[in-house]
Amino acid sequence: MATVAAPSRSTAARDTGVVAGQELRDLWLAGRGLPLMVAFSLLLSVITYLGATNRSLNFLERRETVNLTVQVAVAVGALLAMVVAGDAISGERERGTLESLLLAPVSRRGLAAGKLLAALSLWLAALVVAGPYLWFLARGVGAFTDAMGAAALAGTLVAVTFTALGIVISSLARSNRLSLSVSLFTLLALYTPTQLPAGAKQGWAAELLLRVNPVTAAEHYIGKVVINQHGWTQDAAWLLSPLVGAVALTFAAVVVAPRFMSLRGSALG
Amino acid sequence: MTRRRGVALALALACPAGAGAASIAPPAAAATGGDAPPAVRVALDHARVSTRLGAGFGLGSTITNVGRRPLAGLVAHLNVVSLTNGVYVDPEDWSPQRTKNVPALAPGRSARIGWRVNAVNGGRFAVYVVTVPNGSPRNASAGLAIGPPLGLRVTERRVFNSGGVVFLAVGLPGLLGLATIGTRARRRRAQR
Amino acid sequence: MAAEPRPTPADDPAPPPDQRGARSPGVTLEARGLRATYGSMVALEDLSLTARAGEVLGLLGPNGAGKTTAIRVLTTLVRPSAGTFAVAGVPHTRPAEIRRRVGVLPESAGYPESQTATEFLRYFARLYGRSRAAAAAAAEDLLAEVGLAGRASSPIAHFSRGMRQRLGIARALICEPSVVFLDEPTLGLDPAGQAQVLRMVERVARERDVTVVLSTHLLAEVEDVCSRVAILNRGRVVADGTVAEVTRRAAAPRRGRFRVPSDLRRRALAVLARADGMDDAKPAEGRPDWITVTLDEVPAIATAPRVRIDGAARALAEAGIPVLAFELDGARLSDAFLAMTAER
């Protein structure tokens, strides 16, 4: 089916603001946002309780506990944002509400960008919720600034990467189920190498793969800052792939994928 | 073990625990190596250090060629030993790069080697430096030396309060739950 | 209702010479030779139609005729592979401008269940460029217009089908459109709901002087509400005009029934068999005092069916046979529709 080019005179920024505003209201006042944060905080409560009440942990293991909490916050926060993004366009399509949106004189880029921003709010909320837990765990070992800083820096890049990917997949998928399946599979596939034993991560090939994968690269960076107390710039090269991923996928989500945004979905399914 | 080495390894740490900075004692005596005439002498900048759990400090050492022949290919290695029962030390955690090459030393010359040490566990520890020849037959015994140990005391501040963590672990989800319920109730009231 | 300023002439320059036909006075919708395909399937072959301000144009056609595709093309959701069209004087080459001038109620319109009616309309008003205050005022006015003022703060999840359709019409009017497209607006409604929606459609066209394009398969609706009708079949308009014109052009009524005293039925049969314009006369099955007649195929308007029936009635009267009643079959849009869409 032929698709219609985006209107040339619409103000994309205004459209983004209007769409983001409504999506945020739908998500936080009437939708899943707050219940998801409750579930997220329960998860962190368990980790914090176990970490805090174990008196046999030495200094390094306490820093590792802080690191674990940061990694969980980043992983779950990015997952939540991605799930919401994965529903953004394909969900509207399935619920029959996409046609009305496409008929309104709102630019498709504005539509995609607004939904991207609204989905990212889940990551920001996750970061804020994780703050008190990290403070509690990290204060005894002086790691709070390291933990929050690493989470904010590397975690945001990972979250933007996955959220934008969710928008791209959602724009193309013919069904919501397909969109969410592909999104989750991609996230899991990229997270799997983090579970490899240390021995398997040796060698130039393994290091290259770890650097190229934005998830493992961010995990490495966060670990070095939180556990080994490296400076912010000491391992900055590891943030290259998360940065490239975030920029490239945001471009794809906001500029490229809207061209294929249609009533039926395009490439997937 | 010689008597001097045994004395060097015995510790009498009576330094008060510092609030933040490490307290440092004057340099210790030179160490010896083997039964042969010593060719290498290892000296540390400090004899005693007191610090807090999680703190890091720099440790400098001076490697001197006290023999008559030039020495090359020496390797200096830092080690940490726990003197507190039940405290396990993984030296890898204490210092990121424990083995360092010593530059070639002419007779009478010295080289400075430094390490970064992180206080990973609480308790009493000995930190010492050994020099080891790198396998060259010429340095087989002349290059082996052990320096005097640094007496390290790491105090551990108890900061975790079970009651506090329960307050956080229950309180924060509860707060968010209340916010959720309140938001929904307010919306339902507005919709009537 | 607070009126939004219409685009200035600077925003809406005059179309090139080949498009000026679309600016015929009163013509708000003009399509010529539209073609649209879904892959290898041709949905619109050669669609041409016009509509004027204040008209309710019925778009009729069997399933798969291309009604929904036609609406999607005219509302710029689907790009045609050939042909031109203009909506409210705006050529198809400016889809963004067209979208600002049309309101649409899609056939399978969904609604965000968690939003209230007011939130829903405000959102769309904002998407159409209104300020927050103007959007709020527009939402309130439109909800009153469609009879949903009392449910403004209710979540759409609690709305019935009829209420959702009314809400959809309100949303279609949010931009003060020149042309409103309603795709099967009465689908799934009970008769009362259908009537309510149709009255609303009439009122919208009359009071706002907008063109309403009503896509439906319910012929009674078209007869009831539409000032003009276009019958689609296989992606083409096969008949276009007023209901009467289309009916007359497509299928002149060919059958009628006379009721005569049962003891005179045999004589009446003989009279009718000889009457001009009658092709056949026979007793109606199961109705002892009725006679069914079939009219000749006569194309000339001078011998319109009603004239021929009158002639037959006169013949019966002259023969002393009273006509107690008569019925004229086929003078309905449904016959025209079936006749024009019969061959597939």
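We just call them A, B and C in the order they show up, numbering each chain from 1.
We adopt the following convention: a residue touches a chain if its C-beta (ideal position, glycine included) is under 8 Å from a C-beta of that chain, and two chains touch if they have at least 3 such contacts.
Since this is a predicted model, take the numbers as computed values, not measurements.
Engineer: Name the chain pair with more contacting C-beta pairs, choosing from A-C and B-C.
Structural biologist: When the contacts at A-C and B-C are counted, A-C has more.
Engineer: Taking each chain's centre as the mean of its C-alpha atoms, which one lies nearest the mean of all protein C-alpha atoms here?
Structural biologist: Central chain: A.
Engineer: Roughly how many whole angstrom separate the Cα centroids of chain A and chain B?
Structural biologist: For chain A versus chain B, the centre distance works out to 39 Å.
Engineer: In whole angstrom, what separates the CA-based centres of chain A and chain C?
Structural biologist: Between these chains, centre-to-centre, one finds 49 Å.
Engineer: Taking the mean of the C-alpha atoms as each chain's centre, how many Å separate chain B from chain C?
Structural biologist: Comparing mean C-alpha positions, chain C is 88 Å from chain B.
Engineer: Would you give the residues of chain A that are in contact with at least 2 other chains, written as numbers and ranges?
Structural biologist: 30 - these are the residues of chain A that touch more than one other chain.
Engineer: Under the definition above, what is the set of chain C residues touching chain A in their complex?
Structural biologist: Spelled out, the residues of chain C in touch with chain A are 36, 38-39, 75-81, 95-96, 99-100, 102, 104, 106, 108-112, 114-115, 119, 123-124, 126-129, 171, 175.
Engineer: Touching residues of chain B toward chain C in the complex: what are they?
Structural biologist: My answer: residues 190-192.
Engineer: Enumerate the contact residues on chain A facing chain B in the complex.
Structural biologist: Residues 28-30, 34-35, 37-38, 41-42, 45-46, 48-49, 52-53, 55, 58-60, 63, 129, 132-133, 136, 139-142, 228-229 of chain A touch chain B in their complex.
Engineer: Using the touch rule from the top, collect the residues of chain A that touch chain C in their complex.
Structural biologist: So the residues of chain A in touch with chain C come to 1-5, 7-10, 15, 18-19, 22, 25-26, 30-31, 95-97, 99-106, 263.
Engineer: In their complex, what parts of chain C are in touch with chain B?
Structural biologist: For chain C paired with chain B, touching residues are 116, 153-155.
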